[in-house]
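What follows is a group of structures, each given as structure tokens.
Both complexes shown next keep chain A, but they swap its partner, so chain B is in the first and chain C is in the second.
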Partner chain A sequence: MRRRAALLSLLAGLALAAHPAEAQDKPHYGGELVFVVPSDPPSYDAHEEETFGVIHPMAPHYNTLLRVDPFDRTGTKPVGDLAESWTVSRDGLVYTFKLRRGVKFHDGNEMTSKDVKASYDKIVFPPAGVKSLRKAAYSSVEVVEAPDPYTVRFRLKWPESSLPLNLASPWNWIYRADVLAKDIHWYETHVNGTGPFTFVEHVRGSHWVGKKNPNYWDKGKPYLDGYRAIFISSSAAQVAAVRGERAHIQFRSFSPVERDQLVQALGPKITVQESPWDCVLLVAMHHEKKPFDDKRVRRALTLALDRYEGSKALSRITLVKDVAGIQVPGTPYATPPTELEKLAGYGRDINRSRTEAKRLLKEAGVPEGFAFTFKNRGIPHPYEPLGIWLIDQWRQIGLNVKQEIIEASAYHPMLKRGDFEVAMDFQCGFIVEPDLDLPRFLSTSDANYGKHKDTVIDELYEKQGRATDAEERKRYLRAFEKRLLDEEAHILYTLQWHRIIPHSSKVRGWTITPSHYLNNQLDTVWLGE
Partner chain B sequence: MSRYLLMRFLLMFPTLLGVAVVIFVLIRVIPGDVVELRLAGDRGAVSEQVLNQERARFGLDKPVWQQFATWMWGLLRFDFGTSMWTGAPIGQEIKLRFALSFQVAVMATIVAVLLAIPLGVIAALKQDTWVDYTVRIFSIAGLACPSFWLGIVFILTLLVVFKWLPPMVYTPLWVNPWQNLQQLIWPALAVGYRYSAVATRMTRSAMLEVLREDYIRTARAKGLWQSLILSRHALKNAMLPVLTVIAVEFAFLIGGLVVTEQVFNLNGIGLLFVQAVAHRDYTLIQALTMLVAGFFIVVNFLMDIAYAWLDPRIRYR
Partner chain C sequence: MAVARPVDPLELETPSALGRWAAAAAEFCRQRPLGAIGAGAILFLFVVAALAPVISAYDPLAVHFDAMLARPSALHWLGTDAFGRDVLARLIYGSRTALLVGFGSAIVGAALGTILGVGSAYFGGRVDLYLQRLMDVFLSFPLIVLALALVAILGNSVPNVIAAITVPMVPRCALVIRASALSIREMPYVDAARAAGFGHARIILRHMLPNVMAPFLIMLTAFLGQAILLEASLSFLGLGVQEPTAAWGLMLRGAAVDFAEAAPWMAIFPGLAISFAVFAFNLFGDSLRDALDPKLRTQ
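The block that comes next holds the complex of A and B.
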């Protein structure tokens, strides 16, 4: 029965992937989209928050300078949002954006370059007492200028080809300059954007409501009359909400089992969209603790993993699927499968890999049955199944691994203290882009929990970031990846997370991407019959 | 009587102070803090500088005694502070949820009392007959089924059999009573059934004890009607332990319906409590603990008054 359900869901997903809804029908106007959000927003200011609990209910109130193309399944193609067009200087140091005219904030004031500059100044150069969590991603920006009301210019310290994608960040909402000038914390508790929906109501812990912005600058949009985000933390209650047709969709992800339940219960009333997810669990090995200071031991740990078989088994029960390198499969800088198979631990012949792992352990002087503790985060999915899988794999090369589960909220401090030998590490990105995903592997990064020091990695990172030619950049990235995952095996990648969105078949005009932070503006979404 | 009440009233304050000290210390012993949790997010890479800046904003960089003194000074002025997670005033956070939790507690209590008192009395009167056995099975089943499990059964039955689900968003009773009842009747029934099971057993055993008393025999010998014996002499005297159970359960329902609230997606105090602990939202945890403790203490105080009314022999020396 479960197999049949999975097959149905797959067919539904494939059907959608092959025929995007927006290509099939003409959008209908009207209706209220109801969606579930598994987390409540802490504050209303996306510049200083880190949770999708802010993006999902509030993104429809705002625009960003650029955005990711809402119909691009890789989520990596920047297109204009408030910017109508942009140009880059020959030396790659100046980006000039032309803004749309006639864009109004919900309070009726016109949006101009002054607002874009003030918003980016807050993000890139926050004054004392203002936190900006993604400030480091804009370290190449020297200054943001507003030479006239409809032009914004970014001057860089060095060329950075990823800048347009970085400016499409779903967090970088454009706020009103005058409001920020009066009270820079105003947006923590208030909403006033230029987006397709205006704010109606937020009841903490319960729901968030938005209604159609009749003066939206993109004429003809949005299609919906409004939306209602319902905060539900329990995954069983989320499934029940979709199954009971009280909600149309949940934009983060459901598990494979939950997908199958919904498909089985609702049949054609449900459509499933799936994608590799820009989240991955990594294994950090503490380079200052023996024997993990020895790269042979670290390589043995990655060589022991049968990722391909693991993928088949684990993808049935938890949120992981693809075997991948440092970038999400299907995205521009992803590792081609043939290249991937050459990396330690990614070969198809697992017996050969494990023989090599045992040889390396012996050569490193690690005794037979060497024991260590693996610290894992106390979150059921996908941490626990992946932890069990890793332990099983390591046992097959003679290692005796004890798992210690650390309560979720105490986990990050433990990693930062370096209080581990081997521990599960985690990363989730909002756009698949090497400049956003890889800084954590630099020797100086606060998130380099394994504490490796590798100047080669640092140099390769810098070179790929400054390369203006895509092919050249790919070469640096492959070298970076080989060094990180194979030659030095500083860290292990487990399996790419897999995003599963079963939603009401009435929901049209929404395309899944690898990030659960993208495509939440809802301007293209409509409800079919 | 007034001295008794005054003593009971004054005892409330050291109790609350004890709760305040215990909760303040305990939550600081748990590893992890609100700043790390809020800013580390899924990406897990935030600079130490940003974290320290935030800790300073919440006053978490100050010595623990100073943090306690600040909190106590706020409490004395009924200022609970702001939530470290949302930045919203604590009073606002609680007010939002209290109405819902209070209504569920009241409805569950009504369900429980309506079931427990008649069933307990009937079971006692018909001791060791099929009626008694049926009531006992009913009440033991209630004790054996956790209310959240019963809640899941309700939800699944409504969903699978009737293809219907209660509303997901709370509507106050005075705004739309029908919508409100559609949402809250199910948790009230699930919780009320378990609650009634405890009260039924207590009513039965208390009634059995009272019905064996000499004054009941005397009343019967005097030829009083059975209904009068029951209502005026037996039930009133059997009510003391039953009232205690009902009161304690009622107070518990204000903050204790954690899982049931999750099952029915109720935005109540229990769920808020869980989220506050998960987020290490110190100010909110402290305020909620004081609220629940205060509620228990007040309910107990009211019970003490009720005891004195029901049994005039109860007095403080």
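The block that comes next holds the complex of A and C.
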């Protein structure tokens, strides 16, 4: 067993080591990339959708104003996509973007600032009857202007340093203004972008096909002749498709076991890319239900967790790995490990933490063997293994926890109703950025399922968002994190998800990022020998 | 000519109730050895379940990451699972869940089915008509589908799982018991009881129910195996009892599937335990039916 694990690690290591050298090869033209998508798109309009089932097959048809650098592993560096360059006014209230010239929609019309404005007006100021899931993320935007055909201007109500990253959102596809003016719902059922691939066909439940856009504005790209997304929901069938070399890649993630199976079966034909994933399972504790209204009890629950041991062991069996605070490790605002260890529940001495946890429970009047129900989501990975781990950790401070699994579709309504004492909660982001990740912890947020009311948290959030100096912003974020996870222990972070993409070694020019929503335009991807 | 002295009945040696049961059991073992093996296996399961804390060397819930996926060894006879939990300990404690759910649902299901079956046969007419059509509705659903639907509605705690398995069993039992009760209803002693002015409750409880005990016991033992299998199926599908409770069906899902190739012991032993229990109850149930059915008794 140990020998086999060592062999698998060696093979995976070789594959990982082989990748950087291959990435430096000269791109080849031609070929069709085949990838598996575990979910069908509910509609064709990314402005109103939130599933990778839309992004993965359809992102190659579109461009966004900015995008995240496709070679940046942290997924936090905005670069121009349709915007060639941008400037910020001194007061931080006006962002001006210069657009590329000669960009054409697939129907032959030229893309101008009118199209960018119309698309952002739909996202930021949607008319009645139009759904925009990301409207709240642009609450600082006062108006979007198009002073000339190649200039777009965003005027803000207050300075927001995260705006460029927010504008690199992979969901904010640029649509044609004339089409939106005629029928604002047209894009829910049709495709017409400026992206590197044009639409060929979509057979629901089967596949999505795109072919190279010969008039793409980024000359020399894309490298592929086309792509085919095949929809397969069963994870065993997804693995079989890659193992049988019927698909090159699946862009969401495989589990560690599936990775090992593929590496074992295909050896050097498989390259594995791994990254911390901008997703985390949280534990919400209902602040209006006793004894979880008492911060000593909440602190005890986080102190009970041996996150470092859990990280080592659970990363072997499910999709989690890093011990993290409120930001993905390795990203600009992540707390360094040495500082993280000072927070309750993050210390290296687990015996000391658990002794403290028991003392707090006793002080709060919680008896030994106190029983409560932990509600978990009925999804195998990583919810179920993490649920088992949490219950075991809480047992070790004398709590008797029963798990109730709630079917996936009934799970969110349960959280929204507040029908729980302690429940698994989750967060998944598209770009690691505090302004996008933290609003859920504000007192007024609909996603604040534990219903905490904390004006200090609200103020710290506002201050970090308006801080223009990175160091100042970090200080506010550390204070926010300490308040949220330690002093008040409003919520409990478990372990950061870990993204594992084992793909055919033929696939080149694609870099993993912490988000499975990023890097799906496929303009930089090519197929090697 | 010698005249035989009349025998005083009081001088006859009457065996005690215990003695009668022992004699019946010995007779059952002699005539139905397979049934006796089944009964022995069931007894073994009961002993294991009752003495779980004594015979299990490990806590079935305790996670030991340093022993994750350990293959069977002197330390862990049946290996460990993905959380380092001892498979044998979880099997031993899992027998409690299997027997609790199995007996809970089989006893309640068979009892309710018997009451409905006897009532339906005794009253006849519209009561019988409506009850039987209702039973037909329930019978039109496959056992597992009805149980799945119920557990999805009720939620997946142990009492709810018992209820979900009980409901589909009731009509099956009611149908068999009704058939028996229909012939008993026509017996002269039932007519006599009715003529003597006894109430419905007394006639049903004193004269009809004791006479459907044989099919009741047969249904009960047949349901036990089915109920254990159904509980394991529901747990395997994630709708039965929940982690970290030790349950055989639950042991077959999750990591047992992920690691089916690397750690096959995680799936093999719970699978064997389920087969063993179901086989034991079926063996015993079949032999009991043969022993209690007058048509088969002489064969």
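The working rule: the second predicted complex is superposed on the first by the 506 of 529 C-alpha atoms of A that agree within 3 Å, B and C clash if a C-alpha of one lies under 4 Å from a C-alpha of the other, contacts with A are read in each partner's own complex, and residues count from 1 in each chain.
In this section, a residue touches a chain if its C-beta (ideal position, glycine included) is under 8 Å from a C-beta of that chain, and two chains touch if they have at least 3 such contacts.
These figures come from a predicted structure and were not determined experimentally.
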| item | value |
| --- | --- |
| Combined model on chain A: chain C and chain B, fit or clash | fit |
| Touched chain A residues, chain B compared with chain C | B |
| Partner chain(s) touched by A:His207 [first = chain B, second = chain C, both, neither] | first |
| Chain B versus chain C as contact partner of A:Gly267, first or second or both or neither | neither |
| Partner chain(s) touched by A:Glu407 [first = chain B, second = chain C, both, neither] | both |
| First (chain B), second (chain C), both or neither touched by A:Pro147 | neither |
| Vertex chain A; arms to chain B and chain C (CA centroids, nearest 10 degrees) | 40 |
| Which superposed partner A:Pro336 touches (first chain B, second chain C, both, neither) | neither |
| First, second, both or neither for A:Pro42, with chain B first and chain C second | first |
| Touching partner for A:Gly365 - first (chain B), second (chain C), both, neither | neither |
| Touching partner for A:Arg395 - first (chain B), second (chain C), both, neither | second |
| Smallest distance from any CA atom of chain C to any CA atom of chain B, in Å, after fitting | 7 |
| Contacts on chain A seen with chain B and repeated with chain C across the two complexes | 407 |
| Touching residues (chain side chain C, partner chain A) in the complex | 61-63, 65, 68-69, 71, 82-84, 152, 155-157, 238, 242-244, 254-255, 258-259, 261-263 |
| Footprint of chain C on chain A - complex, ascending | 1, 4, 255, 257, 261, 309-310, 312-313, 316-317, 378, 380, 384-385, 387-389, 391-392, 395, 402-405, 407 |
| Residues of chain A that touch chain B when the two form their complex | 40-43, 49-52, 129, 131, 133, 136, 188-189, 203-207, 228, 230-234, 236-237, 240-241, 243-247, 279, 407-415, 425-429, 439-440, 445-447 |
| Contacting residues of chain B [partner chain A, same complex] | 30-33, 36-48, 50, 53-54, 57, 85-88, 92-93, 96-97, 152, 155, 158-159, 163-165, 167-170, 262-265, 267, 271-272, 275, 278-280 |
